[in-house]
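What follows is a single structure, written as structure tokens, with notes after it.
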């Protein structure tokens, strides 16, 4: 579980709800919430956004958005220093007993395992690099597709918020006989713009950014892994391999690795 | 037929119409629709957008926009796993009976067929790659031209919506003698902005995005095909060819292929 | 003459004028036009835009903008299929009688003629490619400079429209003694924003886009020509040259060429 | 002196001042200017912009902005045709008397002189290209830094204009007891937005664009010079050198060079 | 300490505070400040921004933002001319006593020291370049991550400012019974927009720009160092090394170096 993302989502929602309920004498009036819930307004913003999502994506893809968003709330951290240590051990085994000895080593990460298998199979360095790099590109493309759905939501929700407000304004302006009704009618008209802004800024944009950073971090680790796999295939010595992988991590992490040993 | 795109278009239109007709006592008043239809407003938004399209494109290109938009509603899915299977078969034939044996194999996809023909003709790998890559670039350029027309519409419609509202505002402000007419006059002025927003956000943007994704998927399949064609031309063994094409598809699709066999 | 651009410009202007003149009883009142013409408003929008153009460009460049814009209205279509046919003929002559025989062939297009001359002079393929590519880059740079002037106009006109409206608002707000004058004063203030929007959206943006597409099409043809010239210099056979140039044109055009022969 | 830039700046300022002073009976009332000058408004827009400039840049850099802006008003045109002619002469000397003979030739332009010196020193073509290209990159980087200061001003001025208007609005809305004061108070509040828009659109943006174009033109000439220097170092014949440098200038300039000789 | 950044931050804050306190008779009324402080408004803007930061980043990263922002206020200037002088000395030692003699030289900068160590160890030029370039990329990536946090703040703060204003407007419009309360209620509603604009424009944007420039300057020095290290490894003569490093600094700095010697 990615605690900060969950806490952030809950806290952001609370901020909005408290702002709505707060009365001038510092009490919280839950009745205010009713004023901010307008079914037709929900209908046009959520409905319109969903409609343009359907125009862009297949039903299967739209159903998968829940799973994609869920990814942002699940923590799958890979520690680069642990990966470097694992590579140093693999390099030591390969040095001592040859590349074939790596076949018996259990490697948990599927990407790294696949790469080491290529080394055992005697593939050429260039070919290994090409296949694994293509795998990273394909992973990035899949991740980008998920982020694009949130991006589409980020753009559509405020647009339909504005469309809803325009419709409300036209209806209000055409019925100005009762001056008392103008204020409340306009309040309702503004609600769709508010909904659109909240959907975009509290959900779509931060989740999209989170997923993009996740994807970037995952790709970074995989690039480090390719570097390590190629070094093992070239038969580099463990010391040099460690040194060159160091340039992928921050000075602070390097310090921790050196002192931790 | 691309059902989700059609359903999305219809559902989005219904969302807007229902929002317009909904009365405060939860009934639907079709008379409201009349208030939202103003011929001069339609004229300036549709007319102005069309005029700037004519300035940019030839009449032939503008007429073709219907066909381009239609593409978004027609489904032409190509299954990458089927393509990989076909390549494995071709590689097996080429291995057993030589490249010339591929001449008798019927290949449905015109791009793939063309590439295999080059192999049969004994063209060099580099040259095949250059010609087929150029073909993909040219296809992308043609697709981009179509998307650019929708992009032009996406930008022009809201601009002419704003111009229409400004014209309406000026006329309203100059005739403020009758206070009762201010509201309805302003309502009419706002309509052009509403039209522009609906044209851009409910039609031009989602269809443009749909076409862009289609184009990307088509190019991805063609890139996979080039990889397969080049591997066959190099005489790679079917097993390795399958493995390297796997990196173009998602882990889920790979699993399906492995278990489906 | 590029008819669609001319028709679009005229039709767009008519759309705006009709919208202004249209009365509520569906008549056209030319007197309305007078309300929309305000000399000081014209002065600040046109004057301010012109001033920032002068700050950016020399007087000579500003005078040339008429010629640049005129280009958008003149049609200079080059048919890629005709160019391919010409190259096939040149390749046949070169095959039969040698490269020197091309000296006696009359080639209308100056770019193509120049490239063939290099072949006759015995220049190396790499050098021909470098010089002709540089020529395309230089052409694109010149075209971009022209489009940049329209881009500057597109950005300045709405900015000075807003500045004019702000000035008008300040004057109106400071003189609110006579409530009757507020409406008309505000109407005048809005006019500059309207002028800026019309200049940008009805003229600057579509003409800029038109010129950019023209420039792209011209560059595409020249890239095709380079490919053809280099193939002739390498002594490629006419059949293969035709095949490789085919990848530059659309499948539809290829079909036309094949059936037209 | 770059006359068009100076005339543009003066003319743009006059446009704004005249718009402010113009009365409804076509006279000019200088008293209006007083209404548009509000010291606190000047303070927040200029002060806020200056403050964010100080946060970004050192004091030395901020003082240099005057010098940078001054560059936009000074004309330093370099004629590419004159440069080409000079290169042809140098190539003729180098052909007749050897590269060392170039040592005695006086070359005014410091960049060109430096490059020719490298030739005389017997440096290798690749090394000359690397050093001179790095020099162009460094020059571009310095120019971009100057333009970035104007860009920061372009973004900060309207932002602080909006902040000032918001502050003015809050104060106005909290003191609505005297209805007569609302108009003038709002007029003052709008002034900061006007100041921000004028600073950005009449000064920062056009001067930034001017400097960018200057920088581009300077880099273009230097790229042409590198091409010429390398050709001389390779001992190319003067005729071919002239021909290849022609591709850097417009067809019109080529025509002038050919007829002018 | 980076004085200009500190002065700018303080001066910008003073500008805003003075603008708020200034009364029409040119006095400063601190009571005005109270009107501009509204706890619920602070809560929604700061709270909402913080919430979306938590959704994007881990708690550890959010706590580090103080340290990142602090970097903008601390001056760590590296003088490129001093670095060039140091390289000339190192090159002289290497020339006279061999690369191994560099082992005894104390080099303060850790990056430069690391690079010279590689030379002493006898690493190949290409490998040194690869490792050190990767180090620069990693440094840039770390810096960009810090700037991205400020970028997220820059985008979220105004968005939650707008959301707060919309909530305030809806509440105000629904309670318009007492006309006297409309003004103050609207004043409060506008405050969140003001807060968002100040956070973005007075803090997030200038600090982000400052950090980006710092990062760029640091990378530039490191690129210069790589160039110097590689030249020493290739055994270039000190004179040529100095000359080629000169192209990284401005003509003014070169002049200073030449005259200062």
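Note that the chains take the letters A, B, C, D and E in the order they are written out, and that residue 1 is the start of every chain.
Throughout what follows, a contact is a pair of C-beta atoms (placed from the backbone, for glycine too) under 8 Å apart; a residue touches a chain by one contact, two chains touch by 3 or more.
Predicted model, so just to flag it, every value in this text is computed and none were measured.
Counting only chains that touch, the fewest steps needed to get from subunit A to subunit D is 2.
Counting every residue number used by either copy at the subunit A-subunit B contact, under half are found in both chains.
If you average the CA atoms of subunit A and of subunit C, the two centres end up 41 Å from each other.
Centre-to-centre spacing of subunit C and subunit D amounts to 25 Å, using the average Cα coordinate of each chain.
Shown here, the protein chains touch around one cycle, each chain meeting exactly two partners. Considering their complex, residues 40, 43-44, 47-48, 50-59, 62, 131, 134-135, 138, 141-142, 152, 155-156, 159-160, 162-164, 166-167, 169-171, 173-176 of subunit A touch subunit B.
Against subunit C, in their complex, subunit D makes its touches with residues 2-5, 7-9, 11-12, 15-16, 18-20, 22, 32, 35-36, 72, 182-184, 186-187, 190-191, 193-194, 197-198, 200-202, 205-207, 209-210, 213, 220, 243-244, 247-250.
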